[in-house]
Each structure stands twice: as structure tokens, then as C-alpha cells.
Amino acid sequence: MTGAAVRAGQPTGGGADRLAIVPAGLPSGRRWSDSAFYPYALVLPALVVLVLVSLVPFCYAVWLSVHSVEFGQVGDFNGWDNFAKVLANDRFWNSLRVAAIFMLIAVPLEFVLGLAGALVLNQRVWGRSLWLPLLFIPSMMAPIVVGLLWKIMLAGSWGLLSVNVIERFGWLDGTSVFASSDHALIALALVDVWQWTPFMMLAFFAGRQALPESPYRAAAVDGANGFQTFFHLTLPLMTPLLVVIGMLRFIDAFKIFDSIFILTAGGPGVSTESPSVLAYKMTFEQWRIGESAALAVMVWVAFFVLCSVFYHLARKRLNAF
Amino acid sequence: MNPQTFRAPTRAALAVVAMMLISATGHAQSWNYKEAAKPFAGTKIRVLDEITPLQETMKTLVPEFVALTGIQVEYELLNHFEVINKGQADMLSRRGYYDAVMLHGFQMGQMLAANAIEPLDSFMKDKALMNPALDLGDMIEPANKSFGVFKGQTYGFVNWNYNMVYWARQDLLSHPAEKTAFKAKYGYELAPAKTFKEFLDIGEFFTRKSGQMLAGQPLKTDFYGILHEGITGGATLVSVWENLMKNFGGGLFDAKGAPAFDTPENVAALTMWAKMWQYSPPGQAEYSLVDVPTVMGNGIAAQAIAYSDFVLGVDKPGGSPLAGKFTYSGIPVNADFKGPRSAGSEPSGIVINKASKQKAATFLFMQWMIDKDTQTKLINAGKGGVPIRTSSFAMPVLGGANAAFYTAMKSTLAVAESKPKVPKIFEIYDALGPIVQQVGQGKLSPAEGAKQGQAKMTAICKACLL
Amino acid sequence: MPSEDTLPADSAAAPAAAGAAMHRPPAIAIGWTLLTIALTAFLLLPVLWLAAMAFKPDDVMFARPTQWTFLPTLDHFDYVISSGFLGHLFTSVVLGLVSTILVVLIGTPAAYAFARFELRGREDLFLFILGTRMAPPICLVIPLYLIFIRIDLLDTFLGLTLAYMTFNLSFYIWVLRSFCRDLPVQLEEAAMVEGWSRFQVFVRVVLPLLRPGIVSTATLCFIFSWNEFLFAFMLGGQAVKTLPVAIPLLITAQGVRWGEMAVVGMVALLPVLLAVFFLQKHIVRGLTMGAVKG
């Protein structure tokens, strides 16, 4: 790098978004922003904060997970003991089962309904810019408020739906959806569907709108009908988006806490005890800190792996992000 | 007279006067809060307590202590769930934000095992701190000692004698048409249930569908004979344990402290429990101890077993359209069981946080809360309440219109014992709660429930008592 | 550029194609519109019910059978205000604003750097940031709680602001990066050719262009802080009580105060409603973290 005119520095030929011109080295300290350190300086504060609030707690959790912690007081190092205890705890496996059932009911439903909704919105609809935001409300509400809302709708013996729908049609032996260990989890999944279908709808709608028009024009000229257009054109073109959004939702569904907390607190029994709820109880009710830290570490690591896979997949193969 | 004979009477008189003076100043130097608090005036203590009508009344009295002693008291009230979580968190983490924390009886085991409570004995022996007129003998027993005394040391005094009572719709029980029909069907007079058999009979009798008649009026919705807490967490298990199992000769632990859930006595109790649910509203599995009074107040059940302090919130003018129509009595007994009677209760109190930096000042506050003066003021200010002192029952405000209520309470308090000191009680509650609920709902047979419960308990602890 | 606008964009999207589109009878448009309205109403019915509950007197609320008409009351609002929930509201607003402003200040340069520069280990850094966003909150709460106790950050504004950074900062950087990538590089390069330093370019050229992106993403961050429950519940306390935390607090000894909960729920909904209306276009991009271009 010559110390000559900074402005005409080395072009890097960076990508469409990358700066093609990079100033050549630090010329006698005149402009700090031309130094090679500049980009790192921009990123540094954010990294410091994130390391502080994410990495440090993670390391602390790891440290806790390998010690025996009696009632909040840290004791001796005990290696894999806590992890073994968690893996031997059948409530742990139950929580995974709960998460799996929840995800497998909620996410596909949200997906299909969201896609259907997006296609409806894509038609000639008057006043769409009014309906769209309204439709989006459930997805933007605080999850705890969503939980509260459905607690009211489905409250045993006086909830709006309990009295007028469930009781009237005798769907349950009792009005209490959340008191029935067979039905509570399904009810929770349906609440999640109510909350997140609008999000899927909007994401898919935006994605659909972003698709190029020429294939559709060509298809129309060729006389393709609605079905054919959808299956052979829309679906393949939207696949990257569908996969990304679907995975995002899957990952978020695993984390669920707020609505379960206010609706059933993991009950009846442990039929709705998701991993987050279990971790909460283990920590703040039973004070088995060593084990809950082990649980947290395991979940965290699993998540991180999942997200790496997701990210690389989405980026390389599907051109997202 | 010679001077010597004069001096004797004078000396005697002087002696008498001296003694009078000494006893007079002695009186002026007898113990009082102001004096005792002198070294601590100006310090600040934080007290965490549970929010119920009782403690809300106490909050109005706390400024008197502050004025009396100069000790600043931040008296904080949180709901049941939070007071347990936050209180425990503060004590176990040794954070010490709260100097005094309210603990329910069942929490004592865990807190003692964690060595998080400051024993009171050294304060009690300190003449400058200990109020000689505290009269701990007046405290209702066995609640107080079973709560606060462990292995010879005192850790707290009972402050709140939560107890369960039986309550029923007096207007229905005394309705002539209902009485006639009941006598015809069961062969004895309709009255508040004294035994479990009567409890079930009355429950069966009053469980009716919408459209049928009740007390001369057609019902607009279904009506039920028995209402009880049914939620998995909460106090459902406690009620089943103390109101049912112990009254059938069973319980959770044997004499040595090992799990003893799978016994014929418990199976019998669970069978009774399942029978009770037949006469209960379908949403019962969702009801917490807080929902029961609300639902009872809404008028869809004839009988209930509930915590007395919540009852007061409903059975008062404006509390519910049915206020004034209720009656109370002690928990039903098991006519076939000859052993000691049991009734559901939760003696609870305030303890000193081991991490507190103002332990002595906190001890003064704790004493003040339970002393005779404060308790009298408290019960008068609350126009009733739950006594912790036997002498309180003599107060006129605890009689009159609410006589039946306080008699019921007295009956429960006579046998109220704090929970055994079990450090892993939360896990046990967590494990047994769902089982007990499922037995109630009929999803699990009593025998199967007993087996599963025993298995779960043994997995948690083999020797469960501290 | 796609938009969620109504008729004009739609018919423009497929002019010749559907030749028929323009001549399609309005009946079909009415049909789709009605379907959309029905969908919206169905979806929003529970929200409307919640709003109604805020005004329902207690005896009507639990009435069986359901009572549809009633005389509204402001009792619940009275109780809520006299119980100090204005304090909750204030805390939520302050916490939301402070954490959002901090996130914008720290995150904007970082997002720009990720978009524009070749950083060593860029992919890994980015993945680290993604990881912090994806971690289940409970995994973070447990160690944070124990740490905060030791360094006395429990129940403090600073503590909660820091905690909110865990999800807001990473989210912000992610989304803003995609906004940055959308900006034509040529503008900056031109400015640099003119002799401006990179920093000047950032401040004078890029920031103004990024403004809509910053505003919409920052608003989303505010909404997330506003809606957040677990951190506020566990890491807050008596001094720092946000609006969502107020909801479980309404489960009192006298029973559950549903009407009051409905009031709090509706108040919690307000900023969301406003944000959704004003930011429709950017919200999708934000929530899908740039995977979908607005």
C-alpha cells in the first residue's frame, strides 16, 4: 500500500454491496477512519456488549453446570453429574416430547394457513392496506397478553368459547380445556396458531409480491389455471422463503414460555411443561441450580448447532440472508 | 422519748419509702419498645409478607411501630406465588434485600436445610430485646411450636394461622322443601356436614342440572354439591393430605420420615376424594385456592372446603350477591376413624433472613407483630381475622354474626399443625399434585395413584425429614 | 418494487396476463374482500372481547349464559390507576426508550460495518450474533439472575436494559444490515472519491438514507422490549415493574381481577397498534430478519 493519495486507494472489487474502494493505509494519522482498524471500531461496542450480556452468562452457566449447587450455594466440582441427572430425569424427556408435539401441531398449521391467507391477500382485495395491519395484530401482541386473552376465552365455566362453543356442542366432558391433560397441549398449540399465522401470512404475502411478474405473464399466456400456476410457479419460486420462515418459526416454537406460563404453568401435571417451563421451575421453585444450568447449557448448545445449520443452509443453498 | 426509740420507726419508714421509690422507678424502667429500640432508631428494615385481607390490615398498623421505635419499616406485600419465589430467592442467594421474610409452614424444611434462617434464641435471651410480656404461652398450639421450633431452637413465631373450614349455603340447607326431601331420601336431618358420609350425601343431593328446582326456583345453570381446589399446584395436595388422608389414618410419611403413600388408609382417603369430585363443577381441575371462594360466591355450589381468610373476602357486604347466606363448621370427620382428628391448615410466620444486616431491629418488629396489643388492634381493625393467640377468641368482634365462622375456625386451629420439616417438599408437591388431581378426575384409580405416588416420592427422598 | 398497496399495484402486476384481470367482474373482488374481512374479524374477535372486558362490570363478566350487552363501567380503570399501574406504564416506556436508543447507537455502526467491510471472521461473528438472538430466554435468565444478584444489578434499570440487549441488539444488527446492503454503494464510493473520509461518508451519506430502516427497526426493538415478559419478571422487582409483569400480579387473594387484566392488556396493545399501522411496509422485513425484502 503506498502512502499516496488516499482517495484513489486499492479497489477491492467488493460485491454489489461492498465498498469497492478501500483507502490505502493510515496516512500520518490524519483520518482515523481510513485505518484498517476502522471497521472493527464500528463493530467493537456492539461486540463488547454482546459478549458481556451473552457470552459471560453462558460461561457462568457452564461453570455452574459442572459444580454441585446446594440451594444456591456453589459447592464442589462434579464434572458431568448434573448433566447425567438431567438426562436421567424423565421430566426432561417429557419436556422434549411436549415441545415436539407442540411444534408439530402448531408450525405446519401456521404454515399452511399462512400460505393460504397470503394467496387470498394476493388477489384483488379492496382496502388491503387497512386489513393487513389489522390482521397482523395477533403477531405483534405481547405473548403474555395473548395468553391472558385466551385464558379469558377458554376459562372454565364462563369463558366466551367455553360456554358458547365447547359446552354447547359438548366437545369436552367439562368446559375446561386447560384442565384436561389430554387437550391442554393441543389448545396451547392452537393459541400459537392464532398468534403466528398472521406473521406467516404477511411474510409469505410479501414474498409473493416480491416475485417477478414475467413468469406469471408467460403462464397466463400459456393458459395455465390457478392450480398449475401455484404448484409449478409460485411454490418453487417461493421455496427459499418458505423454508427460512418455516425454520424460524420452528426454532421460536421450541422456546415458548410466556403463554404457557400464564395459561397452564406447565400443567395439568406436566402435560404442557415445555423445556423453558421446566428450566424455570427447576431454577426458581426447586433451586436445583446445578441441574438447571446443565439443562440450559444443553439447550443452548443444541440451539446454536441448529442455528448454524439453518444459517448456512439458508445462505448457501437458498440465497436467503 | 430518747432519740434511739425514735430512730427505729424512722428507719423503718425510710426503708418503706425507699422500697416504694425503688419499685416506682423500677416500673419506669420496665421493658418497652421505645427503650429497646434506642440503639436501632433510624435503621431501615424490609419485611416481605403475603397479600391477603389480613396482612393488608397489618399494613395499616405498621406506622405505629415506626412511630413508636424510630425504626423505618418497609412492609411489602406480594401474592402467594411471588412471596414464595422472591422470598426464597432472596434468602437462598444470601442477597439480604429483605430482613424478614414470610414463610409458609411447608417452606421451613427447605429453608432450614439451606441454613438460611437466623435462630431467635440469642435475641430471646437478651433482656434488652426480649419483651417479657410477650406471653408465648398464649399462642395457639400446636400451630406455633410446630411451625417455629426445630431441634430445640426457635426460628420464628406464627403470624398467620391459615386454616381451612367447611362452608355451605345456609339458605339451601335451611330451606323447608329441601329439608323435607333430604330427610325423605337419606333418613336424617339436613344440616352442615359433620362427617364425610354426610358431606357426600349432601353433595349428591344438591348436584342438579339446569332446569331442575333448587330452593323453589328453577335452575338456570347446573348446580353442584361439592366445590374444592383442584389445580395441580397450589394447596390441593395439602387439603387431600390433611383433611382426608390423615383423617383416614394415612399421610405422606411414616413415623421415621420415609415416604408412605401407598397404604390402605391412603387408598381409602383417595377413594373418598374421587367420590367428592363426582359432585363438582367440570372446571374444578383449574380451580386454585383463590378461585374456590370466587366460584362459591358466584353461587354454583352448595358446599366447599376453603381457606377461611379468603372466605372473609367473599362473605361480606358487597363481596358477593350471596353474602350473608353462608354457614360454617369444622372440617368433617371420618366417623370410622378413631385416631386424632386432622384439619387442613398452614401455620405461617415471619423469620429473620440470615443475610439480614439488621437482625436485632427485625426481631423487635417480629415481636411487636405478635404481641397482645398489636393483635387486639389488628383484629379490631380488620373487624375480624384469623387469631394467633388463644386469648383473641374472647374478643367480641369474633362473635356475634360470625359466631359459626369462628367456631369453625377454632375447631380447625385446635388440631392445626405445621407441615413436617421436609427440605424437598416442593419436589414432592410437584410430583404428587398431578397424581392427586388425576385420581379426583377419575383418570387414575386410587390404588394406582397410591402406587405411583409412592414410587415418585421414593425417587425424591428415602428419608425425607430434616 | 413490490408494495402491499391495493388495487393499482395489483392490476399493474399482471396487466396483459390476465387481460382478464381488468375485465374480471367486481363480484370476484368483492368476494375476496369479504373473505379477507371475515378472516380479519374472526382473527380479531378475541381482541375485541378483551377490549370489551375492560369495561364490563364484574357481575356481568362471569354471567352464564354469556351476556352480550352491558352497561360499561370505569371501575377497572380506577382500580388499575389507584394500584399504581401508571408506574408500570412509565417503567415500560422508559425502559423501552432507553434500551432502544442504546441499541440504535451501538448497533447502527456495527450493522453498517458488517454490510460494507471485509472483517476477519465476519461469518463467525455474525453467527455469534445470530446465536444470541436465537437462544431461549430462559437459558439466559438463569445465569443473568445469579450474576445480577452478586453484582447488585437485580431490580435496576441498568440491569434490565443490559438484559434487553441480548435480543434487541442482535436483532437490530441483523435487520439493519440488510437495509444497509440495499443502499447503492455507488453513492458512498462517489463521496469517497470526492475526498470524504469513510466516517464522514457514514454520517453524512449513509445515515440519512438509512433513516427509514433505522426508524422501523428501532420501533420493532421498542415493541419487543415493551412486550417482553420473562426478563422483566425475573430480573425486575419492586423498583422496576413493567406492564406485562403487571398481569400476573393481578392474580390476587381476592381472585383474579380479569377486568383489570383486560385494561392492562389493552394498554399494552396500544403502541403495537400504532407501530403496525405506521410501519406496515418494514415490519415483515424486520421480523424475518431481512430474509424477505419488505
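Which chain is which? They are A, B and C, in the order written, and residues in each are numbered from 1.
The working rule: a contact is a pair of C-beta atoms (placed from the backbone, for glycine too) under 8 Å apart; a residue touches a chain by one contact, two chains touch by 3 or more.
From a predicted model like this one, the values you see are computed outputs, not experimental measurements.
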{"item": "Pair sharing more residue contacts (C-beta pairs) when A-B is set against B-C", "value": "A-B"}
{"item": "Longest centre-to-centre distance from subunit C, chain (CA-based)", "value": "B"}
{"item": "Subunit A and subunit C: spacing of chain centres that average the CA atoms, whole Å", "value": "14"}
{"item": "Distance between chain centroids, defined by C-alpha means - subunit B, subunit C (Å)", "value": "45"}
{"item": "Touching two or more other chains - residues of subunit C", "value": "62, 64-65, 145-146, 248"}
{"item": "For subunit A, residues that touch 2 or more chains besides their own", "value": "72, 157, 284"}
{"item": "Subunit B: positions in contact with at least two other chains", "value": "89, 93"}
{"item": "Subunit C to subunit A touching residues, read off their complex", "value": "2-7, 10-11, 13-14, 16-19, 21, 24, 28-30, 32-33, 35-37, 39-40, 43-44, 46-47, 49-50, 53, 61-66, 106-107, 109-110, 112-119, 125, 127-132, 134-147, 162-163, 165-166, 169-170, 173, 178, 180-183, 185, 188-189, 192-195, 197-200, 202, 223, 226-230, 234, 244, 247-248, 258, 261-262, 265, 268-269, 272-273, 275-277, 280, 283-285, 287-294"}
{"item": "Touch list for subunit A against partner subunit B, complex", "value": "70-73, 155-157, 162, 172-176, 178-181, 265, 267-270, 281, 284-287"}
{"item": "Subunit A residues touching subunit C - in the complex, by the definition given at the top", "value": "7-8, 12, 14, 16-21, 23, 31-34, 38-40, 42-43, 45-47, 49-50, 52-54, 56-58, 60-61, 64, 72, 117, 120-121, 123-129, 131-145, 148-150, 152-153, 157-158, 160, 163-164, 194, 197-199, 202-203, 205-207, 209-210, 213, 216-217, 219-221, 241, 244-245, 248, 251, 254-255, 257-258, 261-262, 275-276, 279-280, 283-284, 289, 292-293, 296-297, 299-300, 303-304, 306-308, 311, 314, 320-321"}
{"item": "Residue numbers on subunit C that touch subunit B, as the complex places them", "value": "59, 62, 64-65, 145-146, 149, 154, 237-238, 248-249, 251-256"}
{"item": "Residues on subunit B engaged by subunit A in the complex (per definition of touch)", "value": "85, 88-89, 92-94, 110, 113-114, 116, 230-233, 281-287, 295, 300, 426-427, 430, 433-434, 437-438, 443"}
